[in-house]
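Can you read through this structure? Questions will come right after.
For clarity, chains are labelled A, B, C and D in written order, and residue numbers in each chain start from 1.
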Amino acid sequence: MMTVTAARQLRNGAVCFVGIGLPSAACNLARLTHAPDLLLIYESGTVGTRPVVLPLSIGDGELAETATCIVPLPEVFAHYLQRGRVDVGFLGAAQIDRFGNLNSTVIGDYSHPSVRLPGAGGAPEIATYAREVLVIMKQTPRSFVERLDFRTSCGYLGGGGERAASGCPGGGPKAVITDFGVLRPHPDTQELELAALYPGASLAAARAATGWALKVAADLESVPLPEPEVLAALRDLNARTERAHAAPIHITLPLAP
Amino acid sequence: MELLPLTEAIAAYVKDGQTVALEGFTHLIPFAAGHEIIRQGRRKLHLVRMTPDLVYDQLIGMGCAERLTFSWGGNPGVGSLHRLRDAVERGWPQPLALTEFTHAEMAVAYQAGASGLTCALMPHHATTDLEAVPGAPVKMLRCPFSGAPLTAVPALIPDVTLLHAQQVDAAGNVLFRGIVGAAKEAAMAARCVLVTVEERVARLNADLNALVLPAAVISAVSIVPGGAYPSYAQGYYPRDNGFYLAWDQIARDRKTFTAWMERHVLGVRDHATLLRTLGVAA
Amino acid sequence: MELLPLTEAIAAYVKDGQTVALEGFTHLIPFAAGHEIIRQGRRKLHLVRMTPDLVYDQLIGMGCAERLTFSWGGNPGVGSLHRLRDAVERGWPQPLALTEFTHAEMAVAYQAGASGLTCALMPHHATTDLEAVPGAPVKMLRCPFSGAPLTAVPALIPDVTLLHAQQVDAAGNVLFRGIVGAAKEAAMAARCVLVTVEERVARLNADLNALVLPAAVISAVSIVPGGAYPSYAQGYYPRDNGFYLAWDQIARDRKTFTAWMERHVLGVRDHATLLRTLGVAA
Amino acid sequence: MMTVTAARQLRNGAVCFVGIGLPSAACNLARLTHAPDLLLIYESGTVGTRPVVLPLSIGDGELAETATCIVPLPEVFAHYLQRGRVDVGFLGAAQIDRFGNLNSTVIGDYSHPSVRLPGAGGAPEIATYAREVLVIMKQTPRSFVERLDFRTSCGYLGGGGERAASGCPGGGPKAVITDFGVLRPHPDTQELELAALYPGASLAAARAATGWALKVAADLESVPLPEPEVLAALRDLNARTERAHAAPIHITLPLAP
């Protein structure tokens, strides 16, 4: 449901900076259904890639073989993100706050962390430069927090236009897609509000899964069920991917001299 | 460029206490070279790599490193690097100091090193706490033309950069094909470049605009088929995603990790033996 | 990306007074596009190009330009660009203001533009008078880490970059093969990219690591076979070195130059007609 | 004779940054005779090129087809020259002074030049970074001048160690090869002195062709005549080049629709 909902946010023709996992699944589902001309860029340097199966890593051979071009990694960030050529960026994180700021660095103190997370990667630049950002995260009180332990990447900073006033070029998080539904920023305060719930998900449970007092949009929507053809496309994609990843690796060594 | 067995190349060029970068982004990660560094017991290395990946989890867990410069330290598509975490969170087997960049910062840091510069520039936006952590490597300045705030990123200049590639030709030129990450920049930045390759050929199977490192910029090449496994070599073998998933369990526990390393790295003579032991090569 | 006849692409995207870069280093110089700009009588252009070559001699001599940003303005292997000299030395047909870089400076100026930066850095050594001429574009600053002197080079951001390439595919992606100069950086720096190509193909004949510009960064592509002549297109036709030698005589004198341009550029409908008139194409 | 003398300065295995014209001829002659492993880099981005015929321009197709690799132009300057990977750089100019400083920008005042020369190109960086520089110029009173109209590229600046003291990384001009012989810098003052004369060239004529009071090295040498096999290689190279450049160009246009 998260994958399908994320895929729906993508308009055909958009230039997407794709992370691995759920974002990659969502982008490719969109490409295989309503948005065949999405331009997918993975930070490994593959531009315009059209993978037949989903990659496990951000640099699988599948991405290289099906790409329009492969560029050196520095150019992905400089020529595409920094130069303002990316329409949609995807982010996940260990923690998010009510203004969509994200932590993927540490839980606890930076110098003495209780959990050392993987770190920034491309997230700060995606958050800064993409015209819009889609965040995909499971909603729990430990991840949707009142106060981040560390701000790795920015959402709307303190809200109320602070981000735009700081000169930050991108548009910030347009939607946060969770396992309960979709949060969107309030137009003025930019505080994330529950904008849509999945069929069967309850408002009370969504509130309980949030570490701050979650506000609800005036016109709370219900996310429509996935269309059967979209579900079928997703099942096919996942099945192809599982088969491909199950194939054993065999390396032929030259005969010993 | 000299053609050397990997054991001799590591013995000759990689020394305790050096700044060492093993690059290759997901693709062409020089695992065999990393394992040989472990086998030869190098210590106090300053390891540099955008995405530490399993090979740095192994180097760190085996006590080879005292500092890590990096921009994303996870098991791609799987989760944590448990040995990296154990070193940072609990100092096992020894404390690990961190110098932390974003991908974009680290890319320009290599570019600066490759270009004979002491630093590189990026537009500055006050969006991340990273620039304020203790020992943060970057500094702020202003564009002398526009007055716009800029981030200055110090150049990365490894003592040794180790890479894996597909082919070396008779003259010692090396071909990289597929996803290249920041391999070229890391190589051109380094004082010394070592490369392992899948095979030696009379003439590279290279397009006019292929990424080829000329022999003149390389110190030594070692022929190590499968040298990127469990990462991959485009046109030779795919990534062993199953191994990356399995590593999560192996590395989670100090004892299973140590046992695995003793059996599969310390306990084998070379990479070909490791591949046979794992059943990946016949 | 839209596929347009060259006349329409120039009419739609190139306007009087704009900053316009025609790039391609010796190879893939977009002569046909330059001639169409002349035919359509564009004025007051700020022309940008590392090596102005004959096409800028022609644009300047025909009065299209009021400023030139460049790093080497000669006829390669032959001598002077006489129309460029006449404009600078004697203001004919109109004065030409110069912004002058070295090759290395201009390369990083494009890189800065391509990277969303306002300036780029180079190590500074007080070795050239260029940095002190009236209107010199560069400024000095110091590395915030080492204190080393640095040259700050302002970013180049053309309104339009025009390139020639070998192939466009059905989706509008464009392949450049062979010597590429700073074409990629000039394209990624620009607000608008126009490309002429030798041919349209279903699928590019491109290696994994080929230089391909994705359709998304290109405004329009025009199919103009021979569009780089008298420069060349690797795999299609060689450089007409004889024409470069002959140009020295044609351009030396205002009258022979004007007559040649009236007959071969203004007097023909398109590039194919020019090639036939010159006896280069049947 | 200039070509052969320049070629002799090159040791096998050196990394050479090559300009067009005489330097290109000299480098390729050396490569075809005593220095088969010269690595030739042209500023067009061709690295390790081994042309069969001499290019007219710095970016002929011949250079691309016979190269080890082609790199984007910015990398030639950044990764090779600036990074200190170039052993030998070649320069020519319209004017040279007694300390090997060069002018290729203007004759007269910069803003109102009597002759606008092509300009800097790669010369300032070659002069700054190459471990050693070879200058190739015809010797005339108009080109070997007491005072440059403009310093485009540096030699030894004011001499007497000023260049090294300024922090300039490269080694400066090691030899100036003219149509009279070879000038070399004095070890202490770095003033160019006549170090060798071609057979048949006179000291008086060389002095008359110099715009400053030309000093002569204590051990003035005579440049040996070209070895017959070198002359033969040069003649072959020139003949191949002429034949190749004489071939007419023919472009096949698609049939009009």
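Just so it is clear, a residue touches a chain if its C-beta (ideal position, glycine included) is under 8 Å from a C-beta of that chain, and two chains touch if they have at least 3 such contacts.
Predicted, not measured: the structure shown is a model, and the values here were computed from it.
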item: Chain labels contacting chain A and also chain C; value: B
item: Result of counting contacting C-beta pairs for A-B and B-D, higher pair; value: A-B
item: Intercentroid distance (Cα basis), chain D paired with chain B, Å; value: 40
item: Chain centre separation in whole Å, for chain B relative to chain A (CA means); value: 26
item: Chain A and chain D: spacing of chain centres that average the CA atoms, whole Å; value: 55
item: Multi-partner residues of chain B (at least 2 other chains); value: 111, 116-117, 122-123, 178, 180, 208-211, 234
item: Multi-chain contact residues (two or more partners), chain A; value: 64-65, 70, 78, 82
item: Contact graph of the chains (line, ring, star, complete, other); value: other
item: Which chain pairs touch, all of them; value: A-B, A-C, B-C, B-D, C-D
item: For the chain B and chain A complex, residues of the former touching the latter; value: 25-27, 50-51, 70-74, 76-78, 80-81, 84-85, 88-89, 100-104, 107-108, 110-111, 122-123, 125-130, 133-134, 178-182, 184-185, 199, 225-226, 229-230, 232, 234, 236-244, 272, 275-276, 280-282
item: Sites on chain C touched by chain A in the complex; value: 111, 114-117, 171, 173, 188-189, 206, 208-214, 216-217
item: Touch list for chain D against partner chain C, complex; value: 20-21, 43-46, 55-61, 63-65, 70, 72-74, 77-78, 81-82, 105, 110-111, 113-125, 127-128, 150-154, 157, 166-169, 245-254, 256
item: Chain B-touching residues of chain C, taken from the complex the two chains share; value: 112, 116-123, 139, 141, 143-146, 148, 150, 152, 154, 176-178, 180, 207-211, 234
item: Touching residues (chain side chain A, partner chain C) in the complex; value: 15, 39, 47-48, 64-65, 67-70, 75, 78-79, 82-85, 129
